[in-house]
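What follows is chain A paired twice: with chain B in the first complex and chain C in the second.
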Partner chain A sequence: MTIASVTQLICFVVLSLTLVVGSLGVVLLPNIVYSAFLLAGVFLSVAGLYLMLNASFVAAAQVLVYVGAVNVLILFAIMLVNKKEEMAEIPGLLLRRVLSGAVCLGLFLLILRVDLTTPWAVPGPAPLADDSALLIGIHLFSDYLLPFELASVLLLMAMIGAIVLARRDVFSSDVITGEAADQGLLEKERTPLLLESTAGETTLLEKV
Partner chain B sequence: MPATSFDIPLQAYLVLAALLFCTGVWGLINSRNAVRVLMCIELMLNAVNINLMAFSSYIDGQQIRGQVFTIFVITVAAAEAAVGLAILLSLYRNRETVDMERFNLLRW
Partner chain C sequence: MSTAGSALAVVGPGLDLQSSFTSAMEGFGLSQGTAHLLWLPLPMLLVLVAAVIGVLVNVWLERKISAAVQQRIGPEYAGALGVLQPMADGLKLLFKEDVIPRRADGLLFTLGPVLVLVPVILSWLVVPFGQNLLISDVGIGVFLWIALSSIQPIGLLMSGYASNNKYSLLGGLRAAAQSISYEIPLALAVLAVVMMSNSLSTVDIVNQQSGAGILSWNIWRQPVGFLIFWICALAECERLPFDLPEAEEELVAGYQTEYAGMKFALFYLGSYINLVLSALLVAVLYLGGWGFPIPVEWLAGAIGQSVDAPLVQLITGSLGIVMTVLKAYLLVFIAILLRWTLPRVRIDQLLDLGWKFLLPIALVNLLVTAGLKLAFPAFFGG
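On to the complex of A and B.
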């Protein structure tokens, strides 16, 4: 074994250990803040695997988009909804966990069998070393041009949708009395809708 | 030195991705916290991306169409995370909880 292959092997083992332990931590840890930070570790080790597969551009995109954007977004969401709440006990939770664990294990064994018994056509043509970013650019502006443009429309839709869904409702005029709403409404605490159906109905009736 | 000597078999990447995917599926089913459900979806998308990248590098080395596909998957995942977290915030504002078992508005 050459020193290059030994280095490659060590990198792969370290990255896969980080990946597996990190993903188990994301799923199993009770504190969700730890889960979010472990998720960043998982994303970074996936980026490392991409580097081992000669894909520097996708590795950079992975770090920028997943670690830089998605994970920060998840952390913000955790901070916004981080209220200590006791989850009500559900009967049969342990049974459900065991059963779904068995199903997932079966799925894993199925994929494992397919992975190991299929005669993959390896080795294929020799991989490109450093031209992957160039070739991705050529693909994106020739034969994948339509999906590329559709992706831009999708991102615009997602941005507008996220703004519309997450903002607080601000009415220029009050719905019930008809007079102009003051700016204090911006930060007014809203009565939780549909928390209890009877409570919501009574408050509505009182307003009318 | 060639770019990749392929000392690591393709199957190693595939098994790793399968493990990540199954972990994500288990977490998706069993999480009570809605934010953790979104994290598990990201885990599953990453598992699929590892598969695509491994095939792209080992079998389609000259065209790397798998890498282009991975770029699109990353794009869709980012959009999904943004909209999903916005829906979660809106739900939290209305229900004052992130417990998945209590998000049953559309059940009946």
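On to the complex of A and C.
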């Protein structure tokens, strides 16, 4: 074995381990902030796996979009609205957990079966190296033009929807019912994120 | 790629230290693999040391220039002109007690500063000091820097949250908001340069500017892009006038409030390494990188030497490093002057500037660049 292949193997094992353990942590940890931070780790190890497949452009895009934008926004949202409140006891929690675990296990077994029965081409197609960005661009503007444009329209719709929901005070009537916007809903009392709460802390989040 | 190819032919292969080193090691009877293994850590260590020394110089400059701006003398007793003052600062931080607040989240509190520093250092991977004087000429080049710099806000949010302090949390949130807002115009400004160079690689971008010395630098073709990039880079480095995440009057020290000792030093190092890195990238993207204002080929031709002669190569290589560092530190000087002369903007002004001014301007700049590239392919990269 050469140095390169040993390094590759070590990298693969480490990345896969972080990926699997991290994803389990995202799902199983009770603290939602930890889950969000672990999600960043999961995205990063996926980017590492892309890098090992010689898809460096996709890896960088993964880091930029998922870690830099999606995950930061998730964290942002959690930190702005996170409430330290006890969840109400749900009856039959253990049964629910066993059932959802069984569903997940079933899905995993299905995927495993697909993985084992598919005749994978080994070794795969030759890596494109530095031309990948060029080829992705060409495909986006030729045979994938319609999905690309549809995705941008979808994003625009989501953005307008978010603005409408967030700025209900500007649109003085409720968009859906046509009645005056319920200001009481907008000005909900917020419980502080930090452990020790003092009187002046409701103004804390408004300063951001 | 055609422009890069023709420029390469003009510049010549340049110094290739790696092949010289490996062949020298093979001369000592080592196998090729071992020689390569010995070579690998060398450029990384060199760049790491260069980055840290760059920070020391930067700290000294900051102290001296701020003193000059305020008509003081500044550090004077530690070494000649106070050059050892940054070392003293660093040593002091090294010996300080490492405090973790009792109700803080110890794990995230420790991980935060690391996550802030590591992406910044990793980004030095793509900074070229000469044709072959960079750690790795990866194809995605400058895009790697943009992607890596987007990891930083996670570290800031992490340390802001883990400190369990309202000022820290506010600072962390502000840092993330600021970083997200200014990343977009920054990336659009870079995209215009990339469009002209037909490549993301930093080496290709520099080579594309090397045709006619100072006249072919991107700053003349991308003046708006240069300004957008510089403003956004200052905002990404959290330098005044954009240092809202650590605005003393409002937030004590933002996300750094609870930090002491080496953990604080990591933030400090991170912000200064980031400043030097941004200055280096401005030099690479807009000021011709390692290029001398007069092309070295002309100079070599004027004194009747071939560019490929070993001595000429050594001189042009050294000149390239000096030029890169000189341009970067000129920009650092401007950044320091800005810090000590301008007042801080408010958070709403900051976000307005980012989203309502820089972003549309950057988009228009991109569009105009695309149009000019189609109209005048000879000047704007065909």
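In this text, the second predicted complex is superposed on the first by the 162 of 208 C-alpha atoms of A that agree within 3 Å, B and C clash if a C-alpha of one lies under 4 Å from a C-alpha of the other, contacts with A are read in each partner's own complex, and residues count from 1 in each chain.
Assume contacts are C-beta pairs under 8 Å (C-beta built on N, C-alpha and C of every residue); 3 or more make two chains touch, one makes a residue touch a chain.
From a predicted model like this one, the values you see are computed outputs, not experimental measurements.
In the superposition on chain A, A:Leu112 makes contact with chain B only, while chain C stays out of contact range. Of the two partner chains placed by the overlay, only chain B lies in contact with A:Pro125; chain C stays clear of it.
In the overlay built on the shared chain, the residue A:Ala60 is in contact with chain C alone; chain B does not reach it.
Residue contacts after overlaying the shared chain place A:Arg97 against chain B, while chain C stays out of touching range. By the document's definition of touching, of the two partners only chain B reaches A:Leu140; chain C does not.
By the document's definition of touching, of the two partners only chain C reaches A:Met79; chain B does not. Of the two partner chains, chain C is the only one that A:Ala40 touches; chain B does not reach it.
Chain A has more of its residues touched by B than by the other of chain B and chain C.
Looking at chain A, you'll find residues 2, 57, 61, 69, 73, 76, 80, 129, 193-195 touch chain B in one structure and chain C in the other. Considering their complex, residues 1-16, 18-27, 29-33, 35-36, 38-40, 42-43, 46, 49-50, 53-54, 56-65, 67-68, 70-72, 74-83, 85-90, 92-99, 101, 105 of chain B touch chain A.
Residues 1-2, 4-5, 8-9, 12, 16, 19-20, 23-24, 26-27, 32, 35-36, 39, 42-43, 46, 49-50, 52-55, 57-58, 61-62, 65-66, 69-70, 73-74, 76-78, 80-81, 83, 85, 87-88, 90, 96-97, 100-101, 104-105, 107-108, 111-112, 115-116, 120-129, 132, 135-136, 139-140, 144, 147, 151, 154-155, 157-159, 161-163, 165-166, 168, 190, 192-195 of chain A are the ones that touch chain B when the two sit in their complex. Listing the residues of chain A that touch chain C in their complex gives 2-3, 33, 37, 40, 44, 56-57, 60-61, 63-64, 67-69, 71-73, 75-76, 79-80, 129-130, 133, 193-196, 201, 204, 207-208. On the side of chain C, the complex with chain A involves touching residues 33, 36-37, 103, 108, 138-140, 143-144, 146-148, 150-151, 153-154, 157-158, 160-161, 164-166, 169-170, 172-174, 176-177, 179-180, 183, 200-201, 250, 347.
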